[in-house]
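The same subunit A turns up in both complexes below, where it pairs with subunit B and then with subunit C.
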Partner chain A sequence: MFYLSFLGFFGFIIGMVGVASNPSPYFAAYGLVMGAMAGCWLLVTFGLTFLSLVLLLIYLGGMLVVFAYSAAMAADQYPMAWDDWSVFIYVMIYWILLLIGWSYVEELDVISLFENLSYVRCDWGGVMMLYYLGGFMLLLLGWVLLVTLFVVLEITRYISFGNILKL
Partner chain B sequence: MNPFALAILLISMFIGTMVTLTSSHWLLAWLGLEISTLAIIPLMITDHHPRATEATTKYFLTQATAATLILFSALINAWNTGMWELKELSPLSSNMLSLALMMKMGLAPLHFWLPEVLQGLSLTTGLILSTWQKIAPIALMYMIFSSLNIQVLMIMGLLSIIVGGWIGLNQVHLRKVIAASSIAHLGWMMIILPFSPHIMMLTFLIYILMTTAMFLSFKIFNATQIKMLTIAWTKMPVLVALMMFILLSLGGLPPTTGFLPKWFILQELTLQHIPSIATVMAISSLLSLFFYLRLTYALTLTYSPNTVNSTIMWRFKFNNMFYLPLMVVMVLATFLLPLTPSLISF
Partner chain C sequence: MTPLMFIILSTFLLCLTGLVFHRMHLLSALICLEGLMLSIFMGMSTWCLQFESMMFSLSPMILLTLSACEAGTGLAILVATTHTHGSDLMQNLNLL
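Take a look at the complex of A and B:
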């Protein structure tokens, strides 16, 4: 069981380092996929299967697909992959920092602590709370998503026209 | 901008700050901060020229980083203590959270985004950024004041006063001067916070009044650099005379309102037996006073060499919507000192 969690964490770190080392967005999306899959794996090892499914569906199936289409439309002629020198330096720095941090960790038993909710599982209980006592937050989240749409549309509205529109 | 989109964005900005102010759960507080960040982004990028775009990008990145740090420290707090309440903070999360909130407000040593962001915006948007967007983080600091680390706040506050004074000294662009003044005023607020949050709120209110007066005056003069202030007397001589009082109020000179917070902060620090910090703060604000006096000099005290130095501008636009708010705020920002007892009754 410990090995499964360890694999999940390992994949998560590799995916996040792959994104944070600033390659071109096409390759960073691959790092995001790997990180998200490992994250869902970790959620399953903690017992939160519904949350894992929701994350996979919305993040990878929604956000990342939209991002991939947008990145494909704004194409780069010579994209920087992980063999590019600047990206590689970032990867090396992150690995050194991780190894230094690893040497400071003393015990790892906190990873295998499980929540002790006897009647309601964490992930379904959270969903229930969002629709029951957290109704206001649900409305607020819906409003925020709508506002995000307007924000993005406003930001990208007059890009091709430059600064001649203050007439 | 499209009026419907503008209405939605302004409403969302209001909702964001209100949600943070009325929250008792860290997730809701974080959510309010993110909503207000998101809603102001299109307002900042409205004219789409490269400086505005760059300012918007810098603002978004720093605010997103700070908000992530807030969420992270709230999670650490929930993991350590099991409490999501706003006031129940363990020392580790308290330190991280205060650092993140101070990054959101623009305190030294996390102030580097503020001058460039403020420079890239129009004066009205800069006003919103300097006043409304600071309400939510200040309110959160007010609510968690009892669990804040005094050393962290003192160091960052003192550094902000000194850095704010030094940044403003070499500036010609007025928006960068206002950014420096904002950094210095927030430094004064943060130092007094662990001792008396009430005085901090008084300082914040007076800071809002003075900054609003300054921004609206600059908007009416249409001045974004000191050289544009030198011809401001031709546009509205009355405002030039009153602007001198605003600038002296910002510098904290006695008969004006701006003296009020400095007075109470220095008194409170002396009563808490740390007069050395109070001395250093008072001396460091001399740096800020110098650049306010330089603005006063350029604006009010001298006539700069000009082509025809005789008359007021021939065209006088009176249908400006900022005149009434400016009148109210200017009176409040200059002449409120005699009302001190009613301001501090607690």
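Take a look at the complex of A and C:
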């Protein structure tokens, strides 16, 4: 069982190294996709199936589509992938630091030592509390999302007038 | 230190150093912020698993909602900067 979650560990770290090593934004978005997928796999192996489903839907379905669309505005003339030399140096430095940090890992997690994959935890029961005891937080989050909608509309509204400095 | 703690701490520190050092585009900085939110999400959801208290598992949902707000606002600033300055390079933000 630990080997299954080790796959998620490894993919998560590879994705985050790919994000942090300053490639072009197209490839950084690929790294974030890989990190999010591996994180979902990690949560599934621990039994948090509902949170992993929500993470997959929000990240890959919602946000990363917008990020991939906005990558067109950050176009480089010569996009740098991870085989570019300036990016590859950062990848190597990060891997060396991670190997040093891995030497401090001494024991395994208890939750990664379960034998079977097929049991279902009740994390959806905890999320259900958002509609019961945490109802005030639900209202507050809805208000925050509404305010964000108007903030985004106000920021992008003055584009047609030329300069944002004329606000 | 267990592997799970190592993963959460190291990915948080990786994305933080990637955010602080050598960002060329504004979009890369926003993607690094998303990586920070992802590592905090993993930490919160495995926290409620570790303590066997499923009541806590609504806080990753709250975090995910607030990170969606943050990503939307950041991308709106990215769009505005691109339209007024022609590119989203971080050196251009010194002109603002």
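Before moving on, here are some points about what is shown:
Heads up, the rule we're going with is that the second predicted complex is superposed on the first by the 136 of 167 C-alpha atoms of A that agree within 3 Å, B and C clash if a C-alpha of one lies under 4 Å from a C-alpha of the other, contacts with A are read in each partner's own complex, and residues count from 1 in each chain.
Basically, contacts are C-beta pairs under 8 Å (C-beta built on N, C-alpha and C of every residue); 3 or more make two chains touch, one makes a residue touch a chain.
These numbers come from a predicted model, not from an experiment.
Look at A:Tyr30: by the touch rule set out above, it reaches neither subunit B nor subunit C. Touching more residues of subunit A than its counterpart among subunit B and subunit C is C.
Of the two partner chains, subunit C is the only one touched by A:Ile58; subunit B is not. Using the contact criterion defined above for the overlaid structures, shared-chain residue A:Val151 touches subunit B and also reaches subunit C. When both complexes are overlaid on chain A, the residue A:Leu48 reaches subunit C alone and has no touch with subunit B. Using the contact criterion defined above for the overlaid structures, shared-chain residue A:Phe88 touches neither subunit B nor subunit C, since it reaches no partner. In the superposition on chain A, contact is made by A:Gly39 with subunit C only, not with subunit B.
Once the two complexes are laid over each other on the shared chain, residue contacts for A:Phe67 go to subunit C alone; subunit B is not touched. Applying the stated contact rule after C-alpha superposition, one finds that A:Trp143 touches subunit B and leaves subunit C untouched.
Put simply, subunit A uses residues 137, 141, 144, 148, 151, 155, 158-159, 162-163, 165 to touch subunit B in one complex and subunit C in the other. By the touch criterion given at the top, residues 137, 140-141, 143-144, 147-148, 150-151, 153-155, 158-159, 161-163, 165-166 of subunit A touch subunit B in their complex. By the touch criterion given at the top, residues 1-2, 5, 8-9, 12, 15, 19, 27-28, 31, 34-35, 38-39, 41-42, 45, 47-49, 56 of subunit B touch subunit A in their complex. For subunit C in complex with subunit A, the residues that touch the partner chain are 1-4, 6-7, 10-11, 14-15, 17-19, 21-28, 30-32, 34-35, 38-39, 41-42, 45-46, 48-50, 53-58, 60-62, 64-66, 68-69, 71-73, 75-84, 87-88, 96. Across the complex, subunit A meets subunit C through its residues 6, 9, 12-13, 16-17, 19-22, 24-25, 28-29, 31-32, 35-36, 39, 42-43, 46-48, 51, 54-55, 58-59, 62-63, 66-67, 70-71, 73-74, 90, 94, 98, 101-102, 104-109, 111-112, 121-123, 125-127, 129-130, 134, 137, 141, 144-145, 148, 151-152, 155-156, 158-159, 162-165.
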